[in-house]
Amino acid sequence: MLFAIISLGGLGFVLGAGLSIASKKFAVEIDPREEAVLKALPGANCGACGFPGCGGFAAAIVRGDAPVTGCTAGGVNTAKALGAIMGVEAEVVKKVARVYCKGGDKETTKKFLYAGIPNCRAATLIAGGDKTCPFGCVGLGTCAVVCPFDAIRMENGLPVVDEEKCPGCGKCEKACPKYTIRVVPADSKVVVTCNSTDKGAAVKKYCSTGCIGCGICVKACPKQAITMENSLAFINFEKCDNCGLCVAKCPTKNIINYLETGPSHREEAA
Amino acid sequence: MVSNELTWYMILMSSILINNIVLIRFLALCSFFGVSNEIETSIGMGMAVIFVMTLASASTWILWYALLLPLHLEYLRTAVFILVIAGLVQFVEMYMKKALKSLYNAMGIYLPLITTNCAVLAIALLNIDYGLGFVNSIIYTVGVALGYTLAIILFAGIKERLALSTAIPTPFRGHPIAFITASLMSLAFLGFSHLFGL
Amino acid sequence: MHLLKRKGFKGGVHPPDGKELSNAKAVVTLPVPEKVKIPLSQHIGAPAEPLVKVGDTVKKGQKIGEAQGYISVPIHASISGKVTALASFPHPAGKSLPSIQIESDGLDEWSGDVKENPNYKNLLPDEIKSIIQGAGIVGMGGAAFPTHVKLSPPANKKIDTLIINGAECEPYITADHRLMLEEPDRVIEGASIIARALSVSNILIGIEDNKPDAIRAMTDAAKNPPNSPLSKGGEVGISIKVVSLKVMYPQGGEKQLIKAVSGREVPSGGLPMDIGSVVHNVATAAAVYDAVRFGRPLIERIVTISGSGVNNPGNFKVRSGTSSLKLIEAAGGLKSDIGKVISGGPMMGTAQHTLDIPVTKGMSGLLFLPQNQVESFASQACIRCGRCVAVCPMGLLPNMLGIYAELDRFDQAEKANLMDCIECGSCAYVCPSKRPLVHLIRYAKADVMARRKKAA
Amino acid sequence: MGDTLKLGFVLTIICVIAAGSLAKVYDVTSVIIKKNEKELDEKKRKEIIPQAVAFEEKKVDGKTIFIGKDAQGKAIGSIFKIAPRGYAGPINAMIGIDEGGKVMAVSITKLDQAETPGLGTKVTGPKFRDQFKGKDGNALILKKDGGSIDAITAATISSRAVANGVHEGMEWYKKAVEGTVPIYGRSEAEP
Amino acid sequence: MSLWKDFTTGIIKENPVIVLMIGLCPALAVSSSANDAFGMSIAVIAVLLASNVIVSLIRHHVPDSIRIPIFIVIISTFVTAVDYIIHAFDMELYASLGVFIPLIVVNCIILGRAEAFAYKNNVLSSALDGLGMAFGFMLTMVILGGIREIIGNGTFTILNYQFINLGQGYNPALVFIMPPGAFLTIAFMMAAHRKWLKK
Amino acid sequence: MSDEKLLTLSSSPHIRDGSSVTSVMHTVVLALSPGAATGVYLFGLPALATIILAIASSVALEAWMQWVMGRKITIFDGSAILTGLLLAMNLPSSSPWWITVTGSAVAIIVGKHLYGGLGQNIFNPALVARVFLLISWPVQMTSFPAPSALLAKGVDAVSTATPLTNIKMELMSHKANIDITQLPQPSTFDLLLGVHGGSLGEVPIMALLIGGFYLLYKRIITWHIPISFIGAALAFSAIMWFVDPAKYANPVFHIMTGGLVLGAFFMATDYVTSPVTNKGMLIFGAGCGFLTIVIRLFGGYPEGVSFAILLMNLATPLIDKLVTPSRFGEAKANG
């Protein structure tokens, strides 16, 4: 009994004292903020921030290599939380992915039969894609595949974004070869959903809903928010107040008002 | 079963192949499954295990025969061994982090994982249970650690390939298929059973 | 009789060559077309800028597009007539690209700029190079890389061998074969001029041994070069040797050819000039001869029309910009159920979505496949059979490149030497799982290239 | 430095408490364990020679044998260990031999061997072991080898190991022990 | 409610073995029969409960930098005690559990719970957490051991009472009581657990 | 919007060599048929029943698995047939039906589809099943009926030991003076024809060799694995034979017994589970041959081919990672 107490006790003392000396002597600084940042992140490890997972991003923030607004998936709340930890004010706008083409399988023509990998970027390597419209959505759904939040589904050869699920991480935009899916401020609800800068006559030949550059919307807009660039109407988000007057006027029904389509309504209320 | 009667290469054979610590003896599984996603990290882990296990076996063997046994303190074995191992690992880690930065990056980061790696304690205990002499203890320990390293490197190779597969049925992705793989590896290693009559 | 190992390289495949359809057909010169659409981009590098406006009259051989920068060549009118449009038209590359449309005046008059040079043998290397550049000559073996660039290696690269590529390993294509058979002297003369431009004395001509008649014709022509420019004037004599090569696709690939004829291996990521070699296609050599001897720019070439989709396969000499519809007509028209049209050969050629494309400087053939010969896209997972690995002439792992590309793991693909791939198609050709390996590789390459560009 | 001492001190206290309690647990359990172990050994021997009330330990030819005695102190049988090499290492069996030189029982528990479960381990079963009872000499080897013991299907190696082990044990016993051990009717009072 | 949650998480949602993947070694090594698995679970329950309670009790007096050695000493004390107790009362179980009893010390479940839960929570919560985790461990062990024993030996035995015996006509698949069977069974259990939780 | 017939566009190459997974698998089945037929000739109707049951259950289980997972059903690509046939050839002709069916289930479900199906598995499915069965039911898996004439009733045919088991038993007897050359063994001629105990498809060496050479001729397999497998086995067993012919059998005997020929030509060569490069295949084959002999001579099992191939299967990813083809232009890159 005595021996037991002495030996284990002695061992305990040596270890306790030794470890405490060692921990001082060999101390290596770890930033406690890094842990806090990691905890505040959503943990989806989606990589949209450009770092290898949430851990990498946390380290980068603490090093100062990444902005607190860098996590698009986490959105405003995360940015605020990170700002609080890092002691900076965060200023972020909620963003969402929007599709800038309305010419699905039914509205457009094809110029050939594509036999290849079901991936939009790969498909455009072959004569620019099988759609006659050189600007339109390829329709193979690569954006839906890369979306880490499962927010995109394909319908009629076009992606449909679930605004509630989409945190605007921007992965789809990067994956799209045609730039037909873009991440924009979520409160810009009226959108010209065409990407074609071809002249109206050419567009008419291959797409029944494309923007033909007729300019009616430009005249209809009370805020002068719409301009015509390369035969394609362009809405300036800053000026547009989502009144939706242009929507009714567009002869090819190309302009959409997302205020009137499901999910965004609810989000607005929340 | 290993004993003092075996030659050194028989002890190695037994501990590396026949009674492979991971695949047949079920030890060190946590790190086997956890740190095997890449071949490179698994090599680092293997090296760390070889190093720590040898150190731990040597020191616990000496403690046992020089202290606990003469003083009839057999019942303190578990407590003393694990304390010594934990302390040792922590010292080594701290020292490496400070003094041997490159070595630390190669294998030191795996050290904390080893404290809770039951194989280290198990081998320290088995050395005593089998009544191995000092040299045989070390040979046995190195063999066990090599067996671990072999298994984890092969496993990491397979896991790298599995990571390229998108066809694994959903409920089996990740850990379950890793266990299936371990099962089949273990099945293959049973081919070594009773090798050289061991 | 095959005691000696025939000249070749590692890997490769043996697709059925289909050359019997057209290799016995003498080259037919097509009549001057009434209209041509000449693309401003017929080469690798920046497209030319137009020098004419709609309504201008032009003569045959007149420069109508100016080269933009060093890696670029001018474009010349291939017929005489009037410019009727400057617009985008379908191009063999797949998209519509800016072109100059000329309507013929029926006269087919040479421009005054085109002058013979009987004294061409005394030209200095730099003069030859500038004539070649001015004549708009690009590689006619497929890649359409400006020839003068290849003739101007940096000073630290010592070139000692000129290799003339007469392999023509692509199935169906027989344009080079007919050229070597019918006009070997032009090729030999052109090769000698190129040798002079490079100041080398050693010319090797590689021809696959399934063209024994071409080998014979070229050997004969090489034996007594009609008026070899270098043998005169007291300079070093040149040696021209015809090398017969193992029939194996892609024997005509530059790196494979060099390996086969000279045993040298172009280092990974390097160029032939790194090992003292320059490779040119036989048609390129002939075009060089025309330019240097007669001052004629590159405005016509031989195109093979073949495939079981055409009634009368053959080889035709046509002006660039001529519509492929003319060629179809000349080849007796199409059988009804055409499923695929390919510019170039079946292994590396580009599929076309319209029958109306212009002939370009790099177009060696047009292939018409009936619907039942169109490979459907029914690919499976890789079964790791290793055939693609065995046939890859570049020693790559095409199966892994394909898998990495499928998962968008471009970094890993790049580490696995993705960029070494010459896109020969051997791997995809043999794959029993019908994996679209070349497509996947191109997909990954596009990504890597985009990133490199961004980084630069 | 004070901090260091404090840490060491805390850990020491914990260790001291731990060591103390362990010592206590050990004190209590070790008695039970020793008793159990003894009883277990006794039980095994009893199973082999049920009639015996006491056992005498003796060393013969470097081997320990136990001589079982009845209430009158008469030796009625001997027990000793054999360890033939089986399929997967030694099979540590115990055999009992009666005064007439015949096998009384063969005892092999699950813990005594490492044969393949479901196969070689069947040698621990009574069906196999009981065959040896009352036999001697060449009857102790496998039928295949000319004796009278049935081998376990697909475990000939294990069966043969046990049979040959018993047979050799018997031979050894006859040679080494007979004469030196006072069984065969002669009784000897305990000192 | 929250106490109940402390208890149940460990059993299903965060089952230590098949979800958290800790304590794998004993789970696989001593599950070739339900009986051993059960015995091992009892030992783990005892140690886990005791150590969680003690750690939680003394948590305010433990200096942060040496908490791990302290936990280890506490745990190893209980483990040794359990080791001796089993040795004293069930020789056969002791023999088949072998070196795995002392190894409870390094079983990640115990240290993990001490560190992650007991060190931060009050005694009651810690006890319940320990119990929950331990029951989760036990549940997995008994199912794992049961499956392996039934398929691999044709029997199902707990506390030396035979519940199932498939009899002579059944040809047991020996591989299930060998190492590959352990990995295989647990893989299927994990997959089933996932499938079940998803629904 | 228009009805005009469109041309097809795809990436080059536009032609393919006409091979397909299905044709490859069917060729292998064809190449195995002489062996299987000889097996049936030797062991009678039970052998035929085992083959049919193994194939049928493999195919059915593959269909079921694919249906459960909601995948395309590809039972006609021949790979399940092949797995079933190879499994049957690795079983004793007298296997009870439940052994055969369990084997198919292990092969198809665990060995193949849990990994994602054709092309994805790490281990040879048929061998996974065989070893699983061997370890689970050693009695049934090592009771080999003696070969008899066509249509003999296998049920009450006598069991015989395989030539390798004979030797193993002698070695395991731990006798002082072991001399395996004294054991009664089949003649070389009988070994060639397969007239001795063993799995129904491993004994007819002659017929298997014919099939193997057919595969080489059809270029379904290359020589690398079979030659290095057999070569390594030959070399290593020859060395041991020189050391002690009384304890170690001669190399030719080793090649002609057990599953070595079946393994070398038909199982080690499985594309999916062997390396893709020629160099890798040489290492793989040599490893298989070496391990086979190690297990046979020093291990607990009389036969080691299955284990050896499985062990090399698990090293295949590593081999493929380390052994890459020599890249064009690499050797001279710095010279």
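We call the chains A, B, C, D, E and F, going by the order they appear; numbering starts again at 1 in every chain.
Rule of thumb we're sticking to: a contact is a pair of C-beta atoms (placed from the backbone, for glycine too) under 8 Å apart; a residue touches a chain by one contact, two chains touch by 3 or more.
If you're wondering where the values come from, they're calculated on a predicted model, not measured in any experiment.
Any chain bridging chain C and chain D, meaning touching each of them, is among A, B, F; the list is complete. Common neighbours of chain C and chain E (chains touching each): A, B, F.
With centres computed as the average of Cα coordinates, no chain lies farther from chain A than D. Interface comparison, B-F versus A-B: the higher number of contacting C-beta pairs is recorded for B-F. One inter-chain figure worth recording: chain A and chain E are separated by 45 Å, centre to centre, where each centre is the mean of the chain's CA atoms. Mean C-alpha positions place chain B and chain C at a centre distance of 61 Å. For the pair chain C and chain F, the distance between mean C-alpha positions equals 49 Å. One inter-chain figure worth recording: chain D and chain E are separated by 33 Å, centre to centre, where each centre is the mean of the chain's CA atoms.
Across the assembly, chain B contributes 75-76, 79, 83, 87, 90, 166-167, 172, 177, 180, 184, 187, 190, 193-194 as residues in contact with two or more other chains.
The residues of chain A that reach two or more other chains are 4, 7-8, 11-12, 15-16, 18-20, 23, 111-112, 115-116, 125-127, listed in rising order. In chain E, the positions touching at least two other chains are 65-66, 69, 73, 76-77, 80, 84, 172, 174-175, 178, 180, 184.
Interchain contacts (touch definition given at top) occur between A-B, A-C, A-D, A-E, A-F, B-C, B-D, B-E, B-F, C-F, D-E, D-F, E-F.
Those residues of chain F lying in contact with chain A across their complex are 1-2, 6-11. For chain D in complex with chain F, the touching residues are 85, 87-88, 116, 119, 153-154, 156-157, 160-161.
Touching chain A in their complex are the following residues of chain B: 67-68, 71-73, 75-76, 79-80, 83-84, 87, 90-91, 94-95, 97-98. Contact residues of chain E toward chain D in the complex are 61-63, 65-66, 69-70, 73-74, 76-77, 80-81, 84-85, 87-89, 91-92, 95, 152-153, 172, 174, 177-178. Put simply, chain B touches chain E in their complex at residues 23-30, 33-34, 75-79, 82-83, 86-87, 90, 115-118, 120-122, 125-126, 129, 171-172, 175-180, 182-184, 186-187, 190.
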